[in-house]
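Okay, handing you the structure first.
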Amino acid sequence: MQVNENKEFQPLIVAFCCNWCSYAGADLAGTNRLNYPDNIKIIRVPCSCRVNPMFILRAFQRGADGVILCGCHPGDCHYTSGNYFTRRRMTLLFSMLDFLGIERNRTRVEWVSAAEGAKFAATMNEFTEAVKKLGPNRRLEDLRCRKQ
Amino acid sequence: MQEAMINKAKQLLSEGVVNRVIGWKRGEFAYDITPAVFENAEEIEKSFVYDDFTAANVSKYLVKESKKDGKILAFLKPCDTYSFNQLIKEHRIIRENVYIVGIPGGPKLDAEKIKAKGITGILGVKNENYTLKIDTIYGEETMPFYEAVLDKCASCKSKKHVIYDELIGEDGDTLDSNRFDMVEKLENMTAQERYDFWRSQLSKCIRCNACRNVCPACTCEKCVFDNPDSGIENKAPSDSFEENMFHIIRAFHVAGRCTDCGECSRVCPQNIPLHLLNRKFIKDINTFYGEFQAGEDITSLAPLNEFKQNDCEANIIHERGVE
Amino acid sequence: MQRIGVFVCHCGTNIAATIDVKAVAETLSKEPGVIVSQDYQYMCSESGQNLVKNAIKEHNLTGVVVCSCSPRMHENTFRKAAASAGLNPYLVEIANIREQCSWIHKDIASATEKAIILGKAAVAKVHLNAPLTAGESPVVKRALVIGGGIAGIQTALDIAEAGFDVDIVEKNPTIGGKMAQIDKTFPTLDCAACILTPKMVEASQNEHITIHSFSEISDVKGFVGNFTVTIKKKARFVDETKCTGCGLCTEKCPMKKVPNEFNMGLDNRSAIYIPFAQAVPKVATIDPNYCMMMKTGKCGICSKVCSAGAIDYKQQDQYIEQKYGAIVVATGFNPINLDKYDEFAYNQCPDVVTSLELERLMNAAGPNGGTLLRPSDKTHPHKIVFVQCVGSRCDDSKGKPYCSKICCMYTAKHAMLIREKYPDTEVYVFYIDVRTPGKNFDEFYRRAVEQYNVHYIKGMVGKVTPRSDGKIDVQASDLLANEQLHIDADMVVLAAAIEPDKTARPLATMLTTQMDTNDFFTEAHPKLRPVESATAGIFLSGACQGPKDIPETVAQASAAAAKAIGLLVKNSITCNPCVAHSNELMCNGCSSCEKVCPYGAITYIDKEFKMPDRTVAIRRVASVNPAVCQGCGACTVACPSGAMDLNGFSNSQIIAEVDAICK
Amino acid sequence: METFTYYPGCTLRTKAKILDVYARASAEALGITLEEPADWQCCGGAYTTAKDEIATKLSAIRTLNAAKTAGRPLITVCSACHNVIKQTNYDILHDEEMASKVNNYLKLDEPYCGETTIYHYLEMLRDVIGFDELAKHVTNPLKGKKIAAYYGCLLLRPSKALAMDDPENPTIIENFIRAIGGTPVIYAQRNECCGGYIALEDKAQAQKRSSSVMKSAEDQGAEMIITACPLCMYNLKKNSDSTLPVYYFTEILAEALGIKGDVNE
Amino acid sequence: MNKNLKEQVLRSSGVNVLKCMRCGKCSGTCPSYDEMEYHPHQFVYMVERGDIETLMNSKSIYKCLTCFACVDRCPRNVEPAKVVEAVRLAAVRQQGNNHMNPNQIPEMLDDDMPQQAIVTAFRKYIK
């Protein structure tokens, strides 16, 4: 394998976006041509509360370096309360990952409304930078899934 | 105590209040005490055991037992009543089919700790003024009582029965335990140290599923790890990720439901301190969402099934404590 | 064996300029199960859809992946196409390679690579898609119009005309909005009140229209066809049902020093007030910030003089809950605050006014009874300078980037009216461009110049300095004469930019509708769906969507009404089949899912199970009501055993997507 | 007692000593220590906005770096110095290319990257001490005095870099005037140019500009005008056709604090 | 049109002259307007056209007071003063093109003239 020392580490980031706010916010970022890195790959879910912790672990297992979960702002959930459950679930999940010594900032929850295209792009830029700084995910990967 | 329990069991059977009794039996060794169902006075007389090694929580067995015909008598230690209550809350036990006699709890003994002192061939134990006299095939040995106590009993959270039909002996109170000390100690380590600690522990896991089988919160009809459709079916860990995954998901599934009975660590043949994962969640829940003790009652909502509008954001995890 | 078709759209150059669509189609053709992979100029066009339909028929496809724009845009288009070709519409997946790929990336190689990955994820998902059948949900035959300006009034009248009940919620004590404050309307110069107030009366008398004035929206729940809205009726301390609008209380009220909002603060009103003579509803309102009774407990005069006994100092805010099938947003606009433009001395000099203030100064019902007088000394101004584009067309942090659209025309109107009424008054208009596209608009502007001799000067005012002699020194550039002018003006009128009402953003949040960066509501499609929001069942009327003059606002208001009526005439709408379902064999009956369901869609039944040992066990298991379930998926995560899953977004589908992306 | 690095600038050593001595005395009375860096240089008087002008920015950077090394915020008094130093710092923070060129040139022990916080003396009064607190120290309030604040151009603009106040609707000097007991006079020309350095070459223009400013203040009933800039002082006093008295703000500050008599001009 | 000069002025000023919408507010607000042959908006437009030399040869470049009123009030964020300065620099950087000679200074001074004015003039007029 040839390693290009100068090549910047390009993390793989999975973004779960709720259909009503954040996915629409991502669309708005696109409509407004607000760039963010192609490291971000979006998976559409109906609501942030659809995201099972096992999806997040699965992404890390398969080689993701960061996972970000975006939903409607608290109080604005299309389903009225889904994001509140998300918030508690993710708080505990992040805490457990931290407890197990997994680097912080590989995971994030952000609330992005359908009107916040700019925030979506800014969040994705910022998160990608943060994950880049952490380097590749090694503590929560499945060696068998490592890309050669 | 064993005597009083046997008498109570026989009485309730003869009065027809119950038609079965769940208690404990001795296995091959003196310290090998496992739950067992007795259907008549003779069996009880013959093999019912309740002693310092009787630590097993029988509440989980009632998920199945309570669905059978007739009422069953269950002897529940204080910690077991929390598990029992939690299962009632989750509609897993039919309360009417169980007659609960509350019995005083531990501290119970850990045979591994006695063996660790080089004492083997254990035939029986006696607690005399907190000195443990151990009768072995090689003669009598002694050790300080508290050095042989199970970890889960050493940090006992409550001597109070939260549910019962009658009590044998006095009821106690909830205790100020130091149960979060070790969690805190880990929290204060660096991420790398924590990572190393858990790697050294979880890499021992052989996925014997003892923790899952004993856990009163793990009562799923079919565990996601056994279900080929769940997407995470995994029978044996073949990689560090899978070792982590199983325990993270298991802890997550019981978060807000785990009563901290400590059975998982007690039964782990690899001595992995699994209860620390559950306690971490309990500590977080207490910190973030207010004090919560699963199984304390049967009405309160589990912390993950409710919310407050001003709950903290998940990202604060990345900013608090030691990284 | 899956037989999947992949269809990659160029979207003209929208996608094809940044993504090598041929390479995407080529690469995806090698994915397992894919038997046909094509690209096409416009997949959403009829011939593009035919391409998909023909492929479904020809290859007997079991799944379709369209790599195109956002599924929020055309998912339905392709689902319909699939259905018409005999394929279950839920066997279609969209890979969003426009909004989330070609439009945000510049590098062709990496954008193409990403598009392929998104395509692979969609293919992986469609492998696991199951055919779904949509249920139906009833439509509540009632519409809500938020905002009672000319837009809201027109929309409500049109909906009512079609026979549907409609509620107007207006935050002010009266409907009428900005148009009620305007003196004359361009380009015909007819009086605004003369054409507006009959409509206001019509609205109040229409049996299908209920007006909730002095009310706000406090909560919106539900979905198209079935919204539940909580309306907060703010306490006006006057019983609406009793007040006759006689106005005696407003005359007798001793507190008369309250800045009059209706006249832009140019004069005062009493603490109990009726905004203007033709207010609808014509009901008094007490301003608790000024009412002596409310503040000190001493006074009570209004209560004493009210023969109807309508005064109620203890009145509380009321909350009404009402169900609606459709919601029309008509929240309108406001002129911007001019604090950051004090080079025009707006804060320093009362004779520097905004155009809306000038409307009131010139209005017969205004503070000066229609005589144009300077606010400072009530003298007649002889030289008036109009400044255009104050805060519009700005690329700085202070102003708005857009053209406010109405200023050129109303300034021509103002200039003309002043010259008509006061021929001794010189009028100067500093303009950057005069923008008059609209029927009879440019003719109107030319009349101001040619017939009324208004001095139009190409250039901009740079500094306004009030002087002690009462004159205002206006320093400006005259670009065509190439000189800097100093005009001793008596009044300066600023054409302040307009912006959406401040209530729009929190409202958008409650409605889960999109807004642009300027807080204008975003239409579902800028050309083809200009009066619909992207959220089904929510329509846009008037200036809340962008700057508009009155004719345009009314046209859009009627268009929004037509769209709302189109929804209300249906008895039911097809509902989302992507709902949760529980696998009874795995369900523990633990009630976790029930606890997190916001719709109460989950109940429990005792179900008999035949056990392997031939015995029968009865177990409590969850059961989802698909008509009530909205498909959020909260239950699927609450369920520890994984018995609960969601159609269209199943655990295995999402995991397949994760795996495809991370491969 | 807080300590700040204090940059007087060339004019405060010579023609504008009054501005300096009262600034120092008042600071002391307010419990602030001003410490002058050992070897400061003249800021250059005007900021060169050109991106390809590096040398003209160096002296300001040296001052900024001195404050950084001392670990203290930098206090300026003269409007021109403040403008130059603030704009320099803004460009260092926002123009990476310039920052690297400057640092390549200076070869400091550690590159200067815009770390220093800069307060104009007025900002120090507002943001560090607080006008409410200042009011408590006033023993000799300028009761009833109608005072016109003259901002000129350099304190406020370019507002992106200076960020002192709203450039069209400033309040800082007016609030200062209120704090010392006076009544501020708002007039339109308060943020227009006095003519500045053009006085050297084109007296007529300076006269025109200064007179226009003074007239505007007089029109609104001002009894005196205050400034932070020696060049404004010069133009308003010398080149305007008005007799309205002009003072440095530090002088009337010292007066309000009741220490004016103690200071040796 | 001198392409190189235009390039240089654009680079040195950092201004995007294409953002100008020709409203003339810079010239409307400029305190030195009457002293100038070419006015702020013309600087922006002439730089866009590449007509730099005309500007360089005009005394207008020494009339800007650097008061930044045009910079702050420009609705399009064009920053005309920076263009004026870039053109002025392009002029004085040419050898022998100093606008002022140090020995002219003394006669311009009076007793109260602050140093500040002199150093500023040196910055503006001389290279």
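Per-chain numbering from 1; labels A, B, C, D and E assigned in written order.
Rule of thumb we're sticking to: contacts are C-beta pairs under 8 Å (C-beta built on N, C-alpha and C of every residue); 3 or more make two chains touch, one makes a residue touch a chain.
Values in this document were obtained by computation on a predicted structure and should not be read as measured data.
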* **If a chain touches chain B and chain D alike, it appears here** => C
* Target chain E, source chain A, minimum contact steps -> 2
* **Co-neighbours of chain E and chain D - touch as defined** => C
* Structure fact -> Relative to chain B, the most remote chain by C-alpha centroid is chain E
* Using the touch rule from the top, work out which pair, A-C or C-E, shares more C-beta pairs. => A-C
* To do: Using mean C-alpha positions as chain centres, tell me how far chain C is from chain D in Å, no decimals.
  => 47
* What whole-number Å value describes the gap between the mean CA coordinates of chain B and chain C? -> 56
* chain A and chain B: spacing of chain centres that average the CA atoms, whole Å -> 36
* Find every residue in chain E that makes contact with two or more other chains and list them. => 69
* To do: Please set out, as single numbers or ranges, the residues of chain A touching at least two other chains.
  => 53-54, 58, 75, 81, 85, 89
* Could you list the positions in chain D whose residues touch two or more of the other chains? => 168, 192
* Asked: Got a list of which chains touch which?
  -> A-B, A-C, B-C, C-D, C-E, D-E
* Interfacial residue positions of chain B with respect to chain C in the complex -> 67, 90-92, 219-224, 227, 229-232, 253-254, 301-302, 304-306
* Can you list the chain C residues touching chain A in their complex? -> 70-73, 96, 98-101, 103-107, 110-111, 113-114, 117-118, 121, 221, 505, 508-510, 512-517, 519, 522, 534-535, 578, 596, 598-599, 630-634, 636-638, 646, 649, 651, 654-655, 657-659, 661-663
* To do: Within their complex, state which residues of chain B touch chain A.
  => 183, 186-187, 191-199, 224, 231-232, 238-242, 244-245, 248-249, 251-252, 255, 277, 280-281, 284-285, 288-289, 303-305, 307-309, 311-318, 321, 323
* Structure fact -> Listed in rising order, the residues of chain E that touch chain C in the complex are 19, 21-30, 33-34, 39, 41-42, 69, 73-77
* Which of the residues in chain E come into contact with chain D in the complex? -> 11-14, 31-32, 35, 62-63, 65-69, 71-72, 79, 81-82, 85-86, 89, 100, 105, 108-110, 112-124
